[in-house]
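Got a structure for you, written out below as structure tokens; questions coming shortly.
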Amino acid sequence: MKRSYVIKRILYAVFIFFVVLTLNFFIPRLGVRDPAERYYPPRGAMSDIEYEIIKQFTREQYGFDVSTFQQYIRYVQGLMRLDLGTSLQPGSPKVTTLIGQRLPWTLVLSVSTLLISLIIGLLFGTLAAWKRGRWQDTMLLNASTISIALPSFFIALMLSFYLGFELELFPAYTNPNMVAQFDWSWKAIQVVLNNAALPIMSMTLGGIVGYSQTTRNSVIAVTNEDFVITARAKGLSHTTVLYKHVLRNAMLPLATSIGMSISGLIGGAIIIERVFNWQGMGTLFLEANSTNDYPLMMGIMLFLSAFAILANLVTELFYVILDPRVTVGDRR
Amino acid sequence: MSERSVFLRVAQRGSSFLSLVKKLWQHPKGRVGLILVGFLVLVAVLAPVLAPYDPYDVTQRAEKGLRPSLQHPLGTTITTGQDIFSMLIYGSRVSLMIGISTGVVLAFLGALMGVMAGYIGGFVDNLIMRIVDVLLVIPTLPLIIVLTNFLGRSYFVIVLVFVLFGWTGLARIIRSLVLVLKNSNYVKAAELAGASRWYVMTKHILPGTSHLIIMNTTLTCAGIMVAEAGLSFLGLGDPTAISWGKMLAEAQGGGALLFGAWWWILAPGAGIFLAVFSFMRIGIVMEEVFNPRMKASSSIYKLFKHLNNTYLEEVFRSMEDEECPESSQEPDYLDASHAEGPP
Amino acid sequence: MTDPMLEVRNLKVAFPCAGGVIRAVEGIDLITKKAECVALVGESGCGKSVTALSIMKLLRTPPSVSRIDKLQLDGRDLARLTDREMERVRGRDMAMIFQDAMTALNPVMTVGKQIDEVYRRHTRLSRKDARQQTVSALELVGVPEASSRANSYPHELSGGMRQRVLIALAFACMPKLIIADEPTTSLDVTIQAQVLDVLKSMQQDHDVSALLITHDLSVVVNMADTVYVMYSGKIVETAAVQGLFLEPRHPYTQGLLASVPRLSDDKQAFVQIPDTVPHPMRKPSGCYFHPRCSRSSIPCPQRMPRLEPLENGRQVRCWHPLHQEREM
Amino acid sequence: MLVVSTATFLTGCQKIDYPCRTDRTNTLYVGVVQSSFPSTFMPWLSRDGIAPTIASMLYSTLFSYDDDTGRFLPSLARQWYYVDAEGRPIVTDSGSIDYDRLEAQGVKTLINPQNGRTEDYLTVRIELDSRARWSDGRPVTADDVYYTLDIARNNYLSNHAGALAWTADLLHLYSNSGQLQLQGIFTYNHGATEQGYVIGEAERDQVVYLHVRGVLGAVTSLFTTVLILPEHIWEPIVSRESQLNSRNPDANMQHLYQHPVGSGPYVLDESESGPSQIVLRRNDLYHLTKDDSSPLYTVETIRLTLYQELNVAIYAVIQGHIDMLDAGLSANYVRLFEGRNDLFVSVAEGTYAQSLVFNVNPVASEQTPMRGLLADKNVRRAIALAIDPEMLIRLVANGAAVPMSAGLIRESLSDFYNPNADVLSEAQTAKLQQANDLLDRILPEKDEHGYRLLDGERVSFNVLGHPGEIELISFLEIQLQKVGIEIRYQAKGSSPETTYLWTSRFDLTIQGVIFSLANVDIMLNAHFVALGRTSNYGRLIEPDLAADIEEMRSTLNLNRKYELLYNLQPVIAELYYKVPLYSSEVVSIARTDRYTGYQVVAGATVFNSTNLQEIQRMDSSGGTASSSRGSDVGIIAAVNRE
């Protein structure tokens, strides 16, 4: 039963991926007569005939010389080989190479943000649920309204201003040397942490509040469940009840929201990376956008979507372990 | 299980829009939200009257980088000497316009999709839910950036993109509610009486969902305002208009941090905060009004804080057999507007 | 006369909330003797479950407030125990069986593990020994293939099995007192009987006192020795089970009995008590039952009657108790 | 886990000194502001951002050019001169080119090997510096020069070789039948001796002969712009199948691009360079030295760090992460650096001029009444008069700019600048009066707001600009209001060629122009003559001007060329086709706590070759080297303007 469920989820994820990659293939081809148009280099001082040669060359180079269907087949074949295409940047680097360079740096930010906000969020959320109705709880409620109303990039700017420029506690902007001179030495790691402090802070503030709120709500919901009373009636101590019965069940809705945030892990840092000039996927994407590097943009898009699909799938499969009730059928 | 009852409760409280506003007004937090939104709308409409300077005037070069003062309540920009207070006032127009228009269109689309998926079911439901699944995995912000690149940078495109990709959340909520409503007795009765699908959908299902839609719309408006600010901050908004997000982008690009011009960052941030906060307030209060359980549970704890011990003792004493309770009625000093059962 | 196993004196529970105070339990006394099964009967919303939870000291202080004069289990004063001490009593000295086994069991934990927890908490058994105990406890309540069922999750078991698991869980440490809160309500009638049998044999075989909370008088007949009838937070009648069934003294008891359809006596009409239980925040003045009572007269709306002792240790709270009039 | 993360987080809170602050080596940290570094070092292909600068440090040209004086300075080559049929230099006794003899004796009729036609050519002899070495140790030879020029001209080998694309004369033209025709120069390789030119055995590898058609401008820019490539590295790889192209993903080609072997003063440190940092090390084999034979470039290592945003880079300078910034700053920032003695603020004269361009001759499908109005020279003149350059300089450019002559030649090029071309330098009130008088005659009607009407419609123009130019356009709006003309901002597309220049879909636009001595012949041609060839730069049809520019461009006689240039300025000024606004100064900053001795170089940021040769590490024991550059070479090539 479980295996068939797992297989079903995997097949569905593959199906969604195919829909997404098809969309990804056709979106840049919508509304333009010549899809290769976006790939042509600037005309510069070239004459018509010269420019035609260049255009022809570009079409061949980027595979626009065959029918759309054949292009699609090629595109899918390329993906099978994990080839996301070639960037228009000078030197024609592979999109996968560029992503490979930037991905670790984004992960530094987003994974630590996720962990920190999750840990603190769990603590705060449990505390607020525990101290339900007291000032801790009220504060959390207000904080959640405020944190949604304060966009992360504004928080980032203010942190950069106050902690970076005024108090000079942290670098207000990322030092690119950090990336260039990274060598796994303790010092280099320190430099990275030092630089990552403000971006992580600005992202965790919202994350902490979000996770606290989810945790609080689901802990309260679970606390009201009968089996918690059963557990207490068994004579289990408060902490045992909390850890073994309440939190374990409260994790279920939390797992969904963690899954959601993992799927948005890489793309979510775009604005923060921009504020701090952090050399991650977000800035790569914005660079691609500002230089009209379509293959790179679409490659990143597909990568992010695939990552999200994978994250969702993993969450769903994780759910099977976490919640024995999930076997067959769609939870939604 | 409890979700279902919540939905039904929300659905059954159908009443006119006016009474809703009235309810919001009676709620202290709701009143704050309503006043703030009204204030913002007023500011947006009266922007030309209220703004002391022309916010588009980049020619005041002698006035560059001024700190807040009486002449310029929020100072001026470093690069062009524009009056930040006036920019702030004009910025409300973009925020409100985008937020409200997108929110309303989104509500229509989301409700339509949700009702179709929920009520018609079958193939339509399947199709819509598969679309939802697909849209859910495509990263929204990058997609919006790609589309603005392809379609051009204008507010029309931004609204379009927000609408095209933002309806999924509402549609899912509405769908679950419709699934509940569909099996409710009055809908069944209407169907048995031979009402057409369309009739049932427009006369029974839609009104049943209206409150959820309104509530979600206010929250969506708030969310869209944040998203719009983010897009403008990334330089993807309309380049000619003044918006709060763009003000922040200009502040960052113009070196507000380097110059220590905190007022240039704080002002648009406060604008965004105020607008989003007020809409969220209304949304949250609506949630409380429609779903009083939430409020009841939180107010119990407040109550405990102010619990009058002598009163409680009195209650306990009244339970004794010997003292025959003359006054089993409640003293009115613990009175509140809602009477609800225990959680 | 043996010392009572459980003695409750003057238990009062209130739930303050916006708009007033919910008076859930208004000063009840309960006594359970050793190996005796006492039933607490009443319509839903009369405060039975709150009473049970109060005895277990499982009510949290927000949202409830309670007062009690005496709470003794086997001579031990529970009222003065700290939370920590109380934890050691629950599950070992007294245990509880809940109504809905589906929700009363943790859905993400195997049933075996949930029973293991009791042994791990209250005995010094190793993990392995605890499991052995669990399996034998399950066997005791008639769970077939107990050792493999122990590894099942609650949703994988049938309703009757789940309820048996709950019983096994409650009897795990052979407590002195079992509180069974509507133990069979959520089950099919046939399974109800099986589960009741199990419960009864467990209780009697191991000389455990029981407090049975139910609205179902048929259950009471099979199980209980003594019956307390509760109405709107107050005990209205106490009697041994035969006395009560044969000769109810309170009109409410009579109504309850009348509303149970009886196959044997088809002359007696199936009567329902008019109206419903009063809202716990808006209780009527005087006797709480008077708006629904056919015998209501002058003192009834004015004053609450006392719980008057009658013969055979019976007690009734009524201005116009039924006596011999019943013969007429 | 919590403990670990807290601990690591706290370590991140410590203040950390960046390596450069304590770096005792002779390493210059330079910040570069752009979106990405070039990952390839193909010297011709990329013209954007830092790429040409890096290419010019890795590779060398034959000569370099002193823009102020028009003199050639030696680089890979020591000297060049025209030779007559017998191979004798055509120079005067003082060593400068003898134009009288050049026209009489220099011209030679040859058969163009490509099309078989006979054409007139000049012959140039270039002598390479025998010390010049490739960074792999091989000497730079004449063959390398021939090879470079060959593939540069060969469209099948070097597709869109950007560096040469600008020199219109070196472009390959196609006839209608698609046949390739060579124009301009062709090289004359080992047949030089057969042609009767004398090449000594010893100098065989150092002497280059070129046959050049009568296009001097092309040749001079060729000398100073084409970076010479090593034949032994490139020849085995470049072929018709694998062209030199910036987007060629061929692996061999990429290897070639990413492992540059050049003859420039620096070599790439491949191991340390990456996507966000490029490290250049001084080339020990570089042949040019100072007089005391110490290295010409004082900086041993250059670490270029990529910053994507200017403010981030400025922050990095202030924090001391980098020593200097290769970016022009807005004058707004000068205020930020005031009173800081650890910073050197360089305010250099700009070579770049903002101009307002009128779409006087749109393609037929884009013709509108308003654009028709712009065809009237007097309307353009009125607009030009209405603009107050002083106000623009003071308020838009924050004072960091100088006025530009209407003749479009910088005033500081005092030898070439024609003051008569400065037709817009009167008092602003008088100019406004004139402008209104002019317009009153053409467009007497006005609407209630004071705007002039053309056939009942308000005279209104859209000005194309990118968002950074909104300020400038707002000021123009105010100034043109005073003559009753409305202008509005219109956003520029991402690529000027496809969005407006080629399609001529604009009324007015802001365009930056650089007319320097090195490129004036090509640029004037592109901006005023080359109709239909490139973009809308040249949609002004003015036959007399075109003829003069053509002559200026193609004359063999430099004296005549400069004379024409002098005379062209008033003509250009009077056409009011490109109205000069101002020429911004280049503001840039450097730290003074590690290096000292910064020079301000016209049109350049602090990061320029002069500073790389002049600045000294403060705590280095190098002492003060004299700073004169090889002055005794290249006398013959030195141009004498008289």
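For reference, chains read A, B, C and D in written order, and residue numbers begin at 1 within each chain.
Just so it is clear, contacts are C-beta pairs under 8 Å (C-beta built on N, C-alpha and C of every residue); 3 or more make two chains touch, one makes a residue touch a chain.
Note that the structure is predicted; figures quoted are calculated from it, not measured.
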Any chain that touches chain D and chain C: A, B
Most central chain, judged by mean C-alpha position against the global CA mean: A
Chain centre separation (chain A, chain B; CA means) in Å: 25
Whole-Å separation of chain centres (CA-atom averages), chain A against chain D: 43
Centre-of-Cα separation between chain C and chain A, whole angstrom: 53
Chain B and chain D: spacing of chain centres that average the CA atoms, whole Å: 54
Contacts with two or more other chains, residues of chain D listed in rising order: 309, 311, 315
Junction residues of chain A - those touching two or more other chains: 132-133, 172, 292
Residues of chain C engaged with two or more neighbouring chains: 62
All touching chain pairs, where touch follows the definition stated at the start: A-B, A-C, A-D, B-C, B-D
List of chain B residues in touch with chain D within their complex: 56-59, 61, 64-65, 78-80, 153, 239-240, 252-255, 257-259
Residue ranges of chain A in contact with chain D within the complex: 41-47, 49-50, 53-54, 57-58, 61, 86, 88-93, 98, 101, 112, 115-116, 119, 168-177, 179-181, 187, 190-194, 196-197, 277, 279, 283, 287, 290-292
Chain B - residues contacting chain C, complex: 296, 299-301, 303-304, 307, 312, 315-316, 319-322, 324-325, 328, 330, 334-343
Chain D - residues contacting chain A, complex: 1-2, 5, 8-9, 11-16, 18-20, 35-36, 38-40, 42, 45-46, 51, 155, 159-160, 162, 165-166, 168, 171, 173-174, 178, 243, 245-249, 254, 257-258, 272, 274-277, 305-309, 311-312, 315-316, 319, 321, 494-495, 497-498, 502, 526, 533-535
Residue ranges of chain B touching chain A (in the complex, touch as defined): 129-130, 133-134, 136-143, 145-147, 149-150, 172, 222-223, 226, 229-230, 233-234, 248, 251-252, 256-258, 260, 262, 265-266, 268-269, 272-273, 276-277, 280-281, 284, 298, 300-302, 304-305, 343
